[in-house]
Amino acid sequence: MQRQYVEIKNLKQLTGRYYLLTLAAPLVARSVKPGQFVQLKVSAQLDPLLRRPFSIHDWCDAQGNVEILFQVRGKGTRLLADRKQGDYLDMLGPLGNGFSIPRAPGKALLIGGGIGAAPLWGLAKSLHARNWQVTVLLGGAGEQFLVRPEEFSRWGRTIITTDDGSRGISGRVTEALPLVAAQEFDQIYACGPKPMLAAIYDWARITGLPLQVSLDEVMACGMGVCLGCAHPVRKGKETVYAKVCSQGPVFDAREVVWHDQA
Amino acid sequence: MQRQYVEIKNLKQLTGRYYLLTLAAPLVARSVKPGQFVQLKVSAQLDPLLRRPFSIHDWCDAQGNVEILFQVRGKGTRLLADRKQGDYLDMLGPLGNGFSIPRAPGKALLIGGGIGAAPLWGLAKSLHARNWQVTVLLGGAGEQFLVRPEEFSRWGRTIITTDDGSRGISGRVTEALPLVAAQEFDQIYACGPKPMLAAIYDWARITGLPLQVSLDEVMACGMGVCLGCAHPVRKGKETVYAKVCSQGPVFDAREVVWHDQA
Amino acid sequence: MTRPDLTTHIGPLTLKNPVMTASGTFGYGLEFAPLLDLHALGAVVVKGLTLAPRRGNPPPRVVETASGLLNAIGLENPGVESFLKEILPQLEKYAVPVIVNISGNTLDEYALLAARLNDTAVSAVEVNISCPNVKQGGLVFGTVPEQAAEVVAAVRANTSLPVIVKLSPNVTDIVGIARSVAAAGADALSLINTLLGMAIDIKRRRPVLGNVFGGLSGPAVKPVAIRMVWQVSQAVDIPVIGMGGIVSTEDALEFIMAGATAVAVGTGNFINPQATVEIIKGLEEYCIKENIAKIDDLVGIAWKDGQNGK
Amino acid sequence: MTRPDLTTHIGPLTLKNPVMTASGTFGYGLEFAPLLDLHALGAVVVKGLTLAPRRGNPPPRVVETASGLLNAIGLENPGVESFLKEILPQLEKYAVPVIVNISGNTLDEYALLAARLNDTAVSAVEVNISCPNVKQGGLVFGTVPEQAAEVVAAVRANTSLPVIVKLSPNVTDIVGIARSVAAAGADALSLINTLLGMAIDIKRRRPVLGNVFGGLSGPAVKPVAIRMVWQVSQAVDIPVIGMGGIVSTEDALEFIMAGATAVAVGTGNFINPQATVEIIKGLEEYCIKENIAKIDDLVGIAWKDGQNGK
């Protein structure tokens, strides 16, 4: 973990609300794991006050680059989208644990809902590099909410769904699950809205296959000190709170308490 | 008085800390008086919270432009300097009373200290257009704190002083007063730091010549409703508080209470 | 859908919508006439009046803080007589309910002010109890339940106008004050007034404000205001007018859902002098979009729905 | 000029500089070791401990507000035993004074906690009195002078460590509480803890926080904190540790000039995890530039110079 000012090498709008941000951050590019994230200070003013967490979408050690793919949601992401090439950003990271990739190559299913697919790009790339066979289910509310739909197939078979039917199969990403057979896979990874993750878990648990999910909780510090990002997890018979930032954001889906918030 | 979103037609750095901002604001350009000001919202966020007051430096009815000459002082002016051509600013104005120009042309002395000379530009232009003979005393801490020193002579004889001697006469602008004889003038105008204004008043009162000063008080609303910008003035035998924003910013120096803040 | 009903009742007073102005931030309303249609507002609450004219505090009187504003105006005002003679007649023309905020340093002053406003064009009085009680060593009326109640009783006895009491947030137990004031005959409560704060000028090494202390307002205080509205609206049976940091429709909705029957825009007027009318429009649009027939149905929905909060 | 003297005395405790961390915002310090030299800090104040482990409140636990942060962590912590066994030994290695913030729901809990920390590597205890007293119907200890004093007396009787008492700002009369606590044997005071606030999620039409209420911190509250430090530091003879919204050297100077002998960075750590060390450097630079030999000479200068404020 480092705190540094990093230069914006490029910032481009991909779709109506998605932006791809390329940062010069060689130290992070060298050490990052897929699924880890960074905390960016989007403004020098006191409102918005806190840093904003963003998954690392991609990285290139040779060029010393790190990429963030983000959606404009509120004032912080709006400010970020208004930054210009050459600006510097105060970045803290890499943070969190990241996805774990079993040593022996096998078949992986990656399921991403909306902007939740952002970290799956780097994961797919890593899996691909380690000779895993990758299948991707990419869903979004509409076409403009799909993360790089053209390009994902670079890493493996890609099935696309949109809620409004503007592209691929019409319906939620979970409705495409019957198109793939869980037992074919050695490892499932998912990132997206919590109801989607819960539905995927319900489907995956039947087969007992390992599912890693990346959770999204509101964060203050991002580094395990404020205890603000608590999510209930099972620890033996007990339910305790895990820190999504430092003990996650990736969890074994079996540990997560899905249907109880207390 | 209007509230409108105005486009930045141009923003250029004049010296290390001075910027010239050109705004497309035909309605204001048509009706403005020298010495009036506008309140600009420099950020859409809640910090900095309040608008910032800026004198109207120049205007062009034909082009529908209004110009602001500002100094980067703190976070609000920093944000303003970072804006780009084509951005829109939320502007309230014109506000305040402005300088009054006697009907019959005569000889005017304009004294500006630092950024305080910003509104004197438009005043000099107006006086010039009404066939007044203009003399300008332009002072600054150093060369980079002089407002358009090359160009001011367009309106009349211009004497320059700098505290550090980097240009013109070395010393404060008030030290150049002996170079001009008060009784030669029909009207004196001054804008700058309060001690400078007080010193000029001490000099001018001897001759009994009319002196108009533009005061600078911290403002919240800028339109006479918060009572935040109070400055003590004499009203008959009494001392009362005047609202610098709506009853000023230009005052007859004889009304102003100079040496008593209570 | 038909136009949603924004009508709001503040005790016996009916407002065409729940958006008012906060005292001291809207002058006497007239200043805003070039910028907005005063008649569109739920009500105009004017700058706090005292019996005699007051010249206010020495400058500096305002300083910006993080998302907030500290002010120490010191209740500068022309006095009630001058208001009634010179200002009210002009304001009457706009046909908007005018609520007069009153301040005193003794019970008598409050009583006399209330009596004087009776039988005028004023629609209601708002009693500012965040004033020092000079007979009790300067203790602020609004911080002691019994003294707050005495002020309200004195006003109540001297007017037939609706009495709104404006609470100070600088107390340990806002609910205790609210109950006491309601029992003394208040028709409605306004909250919050400003939080007591200050700032130091590190260059001069002295307090920034001429008066040392000032009142903190603006978005910075909104979480405290929302909390107090939530607590008080559940504890009393009279309507609550919520304020503290409202700059947008979303802010106004937060207050309404927390239990405010009406809302007031204060510091927000300085940032955007058209905030009030924009919020009225925003509330109407929200109701249409969310299919809400009456804005009243949203009042306190955050505690009425679901289990009661703490 | 020679290096300015930043040494600071908090009762019997000597710190190499006046910059500490605020409880609950710096974890147990270890988390920051990759980012800064812990040994450079005046002191590390760790997350509030209770006797037994606590799992804390249901999420969401934090929400950003205008220049502020609302939190309702609910004092999640592993309990004092686990802290002493597993965390303190690691922290000791950094040779920085460790101050332990303690919370209880009864006088006994405070007494037991104080006794347990005695004869450990801990340098001082900071008593968080913003906790509900379960034996008094949940009334917060820190809002009633007598109850606050009882907590302090109980702690004082059970430890030979310096006792710092952390005051709640949610009171009518902070000076009354401060005096009462000082009389009960506190060596120093910390202020302010968070302001009670809340936020409504207008989409869900429910409070945002799982716990409904939360504590407001960050730059938004600084004016309230400065005011309380100014008032309290003039009223008591023990040192005051100032906090509430410090993110920069200028903020720290404001607190020191208002009367704080030391300062603590809280929410500021989340914005800039290196804020503490940058502020220490900034204070040193300021002293050099302004020709100040001892930082102590600045403490309370805003009221010591010139006439006393109100």
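As written, the chains take the letters A, B, C and D, and residue 1 is the first residue of each chain.
The rule we apply is simple: a contact is a pair of C-beta atoms (placed from the backbone, for glycine too) under 8 Å apart; a residue touches a chain by one contact, two chains touch by 3 or more.
Since the structure is predicted, the reported quantities are computational estimates derived from the model, not experimental observations.
Undergrad: Can you give me the shortest step count from chain A to chain B, moving only between touching chains?
TA: The fewest touching-chain steps linking chain A to chain B number 1.
Undergrad: If you average the Cα atoms per chain, which one ends up farthest from chain D?
TA: For chain D, the chain whose C-alpha mean is farthest off is B.
Undergrad: Applying the document's contact definition, name the chain pair with more C-beta pairs in contact, B-D or A-D.
TA: Of B-D and A-D, it is A-D that has more C-beta pairs in contact.
Undergrad: Counting in whole Å, what is the centre-to-centre distance of chain B and chain D, each centre being its mean C-alpha position?
TA: 46
Undergrad: Please report how many Å separate the Cα centroid of chain C from that of chain D, as a whole number.
TA: Chain centres of chain C and chain D, defined by C-alpha means, are spaced 33 Å apart.
Undergrad: Between chain A and chain D, what's the gap in Å when you average each chain's C-alpha atoms?
TA: 36
Undergrad: Once you find the CA centre of chain A and the CA centre of chain C, what distance in Å lies between them?
TA: Taking the mean C-alpha position of each chain, the two centres sit 46 Å apart.
Undergrad: Identify all positions of chain C at which a residue touches two or more other chains, and write them in rising order.
TA: Answer for chain C, listing residues that touch two or more other chains: 66-68, 218-219.
Undergrad: Quick check: what residues of chain B touch more than one other chain, meaning two or more?
TA: 46-48
Undergrad: What pattern do the touching chains form: line, ring, star, complete or other?
TA: If you draw each chain as a dot and join those that touch, every dot ends up joined to every other.
Undergrad: Once bound in the complex, which stretches of chain C touch chain A?
TA: Chain C residues touching chain A: 66-67, 219.
Undergrad: In their complex, what parts of chain A are in touch with chain C?
TA: Those residues of chain A that touch chain C are 46-47.
Undergrad: Would you pull the chain A residues touching chain D in the complex into a rising list?
TA: My answer: residues 1-3, 41, 46-51, 90, 92, 217-232, 240-241, 246, 261-262.
Undergrad: Tell me, which parts of chain A touch chain B in their complex?
TA: 43-48, 75, 79
Undergrad: Name, in rising order, each residue of chain D that touches chain A in their complex.
TA: Answer in residue numbers: 24-27, 31-32, 34-35, 47, 55-64, 66-69, 71, 73, 76, 210, 218-219, 247, 267, 269-274.
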